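The following blocks contain the structures, represented as structure tokens.
Look for chain A in each of the two complexes below; its partner is chain B in the first and chain C in the second.
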Partner chain A sequence: MKRYNHILILIAAVAGVQVLTAVLGKQFYLTQLTMTAYYCIAIVGLTLLMGFAGQISLGHAGFFAIGGYTSAVLTTLDLSQFKDSSIVSLLAKLFIVTSRQDLYGGQVLSFNPWAAFIIAIGLTLVIAYIIGIPVLKLKGHYLAMATLGFGTIIYSIVLGTQRFGAADGISSVPAFTLLPGLAVSGNTEFRVRNYYLAWTLVIGVMVLLINLINSRVGRALRAIHGAEDAAGAMGVDTARFKLNTFILSAALASMAGVFLTHYNGGIGPSEASIMKSVRYVAIVSVGGMGSLWGTLIMSTTLTFLSLRGYFGTFDDAVFGAILIVIMLFSPQGILQFDVKALLKKLLRKKE
Partner chain B sequence: MALLEVNNLSKRFGGLQAVKDVSFSVERGMIKAVIGPNGAGKTTLFNLLSGFAEPDTGEVRFRDAWIHGRGPHQIAASGISRTFQHIRLFSHMTALENVTVGRHVRSRAGFVAGMLSLPWTHREEREIREKSLNAMEFLGIAHLAHDEATSLSYGQQRAVELSRALAAEPEMLLLDEPAAGLNMRETADLANLIVRIRDRGITVLIVEHDMSLVMKISDEVVVLSYGEKIADEKPLAVQKDPQVISVYLGEDEC
Partner chain C sequence: MFLELFFQYLVAGLTYGTIYAIVGIGFNIVYNTTGIINFAQGEFVMLGGMIAVSLHSLLPLPIAIAAAVVLTMAIGALIEMTFIRWLVKPAVLRMIIITIGISILVREAALHLWGESVRSLPYFTGNEISAFSFGGVRVSPQVLWTLGICSVIVISLNLFFKYTMLGREMRACASNRDAAALCGIPTRNMVTLSFALAAGIGALAGAVVSPITQTSYSIGTGLAIKGFTVAILGGLGNSMAAVAAGFILGILESFSIWVMPTAYKDAIAITILLAMLFVRPSGLFGNKEAFRLKDF
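And then the complex of A and B:
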């Protein structure tokens, strides 16, 4: 099982970092590392689409937001006044709608986070399918433009809708209790547990995606990337494979959105912004388009630094600069960066 | 019943009638060639048969199904494999990986099975690898299996492309100008190879510009000129056909 060697290293690193923060008394780092994990899920999903299927999406923050907002809206919606209506009482009987206490001690009747999660993913699948069919017929710049358009629409919708909290977003999103004793929440009491939960999800996603790229499907995707017409001539249903990959990566972004929203206890329109989508694309490029591990490493590093505020007010500028530098000097990603070749090039120019 | 039957196929691009009312059939186990001077409509005909273009009118039957208007992947799945005039290999993949893509139609692991790495997919992968290596051995390029495909020489790339098409175990093989860019000796080797492929029970349809290759090995030859079929006979008869001679050597009127 050579393909899982890196997974073992990742598990060791996750545990090692937690122990290190405990020893150094810097447990507050775990909060940003947990958030980082969720962004990583969205970003490795995008790597599958960009690096393996060879399709770009400049609208992935849109899918992240669809997940986060759907979950936030449904779990904060108060249906108490409709509790006698037949639909709501039926949903309550099915535990899709449950009663809980809000922050101020009042009773709220709203969607169970599990139900909201499933609805959020379902909605994402439907939207990705509807958007994907026409859009994936496009190539290169045109595909980038069309997905950018999709991202812009989602951003405008969340920013302009009162129900979605407009510019303020949605807050007081409840914890998502996955299992008894294991809830996705920002409560510091559960910080360590949430850290492990988030990274367990990352590891799970990595295992699934590594399996996928080493399978018949992964080979078909690389074939599409290499020569689309020849892949079709060899029997690969190129449209369907691209669409499925698009939907899968959208679902991963959406899942990340759901979890991060419960962890943060809210979501704001900046999660849907174009800058977020550009940032995801930048990180995938830095990680080396075709490398899940490269992307995971770079996404962990850059997202963590960004969340800790190391880039200050230049946060977005840093990612813009990264895109330019990577495209100029190392389109294969930073880990493939050939220092010798660059030095040689520079020296030759001097002569 | 013929393996492949083409009825009144036509395709127009703007003002150009690329293929006009072409009909012919290919019997199981034969080598059939479509020839004609440049611009005769050979490539368009080839694309119509392999699903890369849709005919305006006319029908194509393969085995017992009508395949005109189907996409390339559906036609591939029905048992027709093709090569390209300009070699189309998958970049950033080894020669063996390129050939294994040819097994796509003969295997079935999808997204869910792939992500879960189900045990049967490993058995399938082993079979894919084995059959792909067999196809490469048949063409004598098994030793190149782990080289990056696009770094190989022209002739070797052609062989990889052909192994990829054969790995699909097609019932019919479509070859698009396979002799393009080959010298005389290589062309002779190719002729032997095509005969060996036919002897494995694969029906071959060659679209070719170069007469010397097809006259030796074909059982029947279709000649196109300006999109129309002007002959469909045995090679010897074609060589004597005055209409064919005038098309190839120019008319003798002025």
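And then the complex of A and C:
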């Protein structure tokens, strides 16, 4: 049960922060903290891929965007004019397509957010599978460039397609009603509920991943990270494990994309940009590749600071600097930073 | 008319192709001596153009460009000395992340220094509308300048690597670093030199092409992806093949406008890149056997 101690601390921290903001009257922090939670899901998923399977992905924002955009397109699509077609009426009977009121009070017929969510995840799984098979055969620079290429293609598709709102993105995405009384939306009335919902998801993902890395799968992944050929020789199906990890982390990124899109009520092309992917990689590096908790802590801190705008116009530069400094001085992550060893090294040089 | 249009696209393709080739050669030079893909390669092209434009307000054009090239070379060497020189056998993943970090920092520094505006040098001779006519095909003088200077770069690089002592030392370093060190070649200095050289040719190309393509702080990433595509297409480490690959990519891109919306033009390079990586990562002109022995 020791592995759940951290989870308990996390639950306490989540509740503690909420109480603190309520006491101090600074509930507005909860909005950014909710968004932070969704980014954390994507980043923790990337940790599984980078830290445990040892495969870099410079295109993870692409999966985030696939989730967000699929959901946004389907839930804002107006099918009213096809009301009488047999497919749409069948979908309506299955509650896949439902009628709702838009911002201006008119009736629109569009996909139910649940259906859109499932389609988005399904689409991500298919794309991750198709991309993953060839990409994961590559190593090192080639893998980095291929995933970067994938991210760039998604970005240019999103930016160049009118249906996806081009540079403006898609706005007025409806709320995602998970259960009656519990909807993912930016409505300030439900801020506290959304905060707890988002962090409950994070906790769920953490529990899932902790169990995964402490299982046979986790050991296999670490073996692949350590020495892929050796792992293969010991009977680990390296290709399959790498692919499954890739697909799982893509699905997590996509899920985060769907939820954040509904929470923000929209999505823009910047979510698909290379800089976003690089930022995820930066945070995974700072957290210490291969440490879920380290990544979660750093991702919460950095994403929150960035969303609150503390980095000002140096937002991207901060993440670039973080990447370099961490990789130069402490490739094991900031929490593992060994001050003593560094001092020893410096002193020895002077002698 | 059809034929004229054909040649017009061809010339445009060649112009862009030379720039891609130069970036690709830059990748190869650094890769050969260090085994690192320098993701910041495209930023050197941006720096060359931007510095030349800034200096041109004070200095005459040729001196401004020369100064920009020297400055960018210094920046390239400085980057290598601060970030890469003292790392002992770094893992590939670590180097990828460091060079990406460098490219972000350079870009952000450029953004804060020069802002978001798009700049360009004046045409070296003539102006925007002057053109030579070759049997109906109109070619801007700047295109000739670009093609000419880039050819000079490629030829002199070739001569440098073949016939000068320094060039031979760099090649020795590329084929076997330990053996080169045993022969008394200062391998670390060769690495610094390769960064400076890659930065220098990138900067020169960036300055020469800026009247046609214009330059802004953000052009580096796109050029890096295309340069890398070219390097892979030709076979990583093979500089001359990169030239041919550069022309192929440039021409394909320029003819793509006939069949596709321009918004998707950039996707061609990436599609080629992905296809090459999946099907034949040793490159069009590369040797499959030799490729397998290389370490990534």
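Everything below uses one rule, namely that the second predicted complex is superposed on the first by the 346 of 351 C-alpha atoms of A that agree within 3 Å, B and C clash if a C-alpha of one lies under 4 Å from a C-alpha of the other, contacts with A are read in each partner's own complex, and residues count from 1 in each chain.
Keep in mind that, in the parts below, a contact is a pair of C-beta atoms (placed from the backbone, for glycine too) under 8 Å apart; a residue touches a chain by one contact, two chains touch by 3 or more.
The structure presented is a predicted model; accordingly, all values stated were derived computationally and were not measured.
S.K.: Looking at the overlay, does A:N244 come into contact with chain B only (first), chain C only (second), both, or neither?
M.R.: So A:N244 only meets chain B here.
S.K.: Please indicate which partner A:L305 is in contact with in the superposed arrangement: first for chain B, second for chain C, both, or neither.
M.R.: It touches nothing on chain B or chain C.
S.K.: Which of the two partners, first being chain B and second being chain C, lies in contact with A:A233: first, second, both, or neither?
M.R.: After superposing on A, A:A233 lies in contact with chain B but is clear of chain C.
S.K.: Which of the two partners, first being chain B and second being chain C, lies in contact with A:R216: first, second, both, or neither?
M.R.: first
S.K.: Check the contacts made with chain A and report whether chain B or chain C touches more of its residues.
M.R.: After superposition, C is the partner touching more of chain A.
S.K.: Who does A:L178 touch here: chain B (first), chain C (second), both, or neither?
M.R.: neither
S.K.: Any idea which chain A residues touch chain B in the complex?
M.R.: Touch list, chain A to chain B: 208-209, 211-212, 214-220, 222-223, 225-227, 229-238, 244, 248, 290.
S.K.: If we count contacts the way the header does, which residues on chain C are in touch with chain A in the complex?
M.R.: Touching chain A from chain C are residues 37, 83, 87, 91-94, 96-98, 100-105, 107-109, 112, 221, 225, 228, 232, 261, 263-264, 266-267, 270-271, 273-274, 277-278, 281, 296.
S.K.: Can you name the residues of chain B that touch chain A in the complex?
M.R.: Spelled out, the residues of chain B in touch with chain A are 50-52, 71-74, 76-77, 81-82, 84, 88-93, 97, 100-102, 104-105, 107-111, 113-117, 121, 124-125, 128, 164-165, 168.
S.K.: Inside the complex, what are the residues of chain A that reach chain C?
M.R.: Touch list, chain A to chain C: 54, 56, 58, 134-135, 137-142, 144-146, 148-150, 152-153, 156-157, 159-160, 274-275, 278, 281-282, 285, 313-314, 316-317, 319-324, 327-328, 331.
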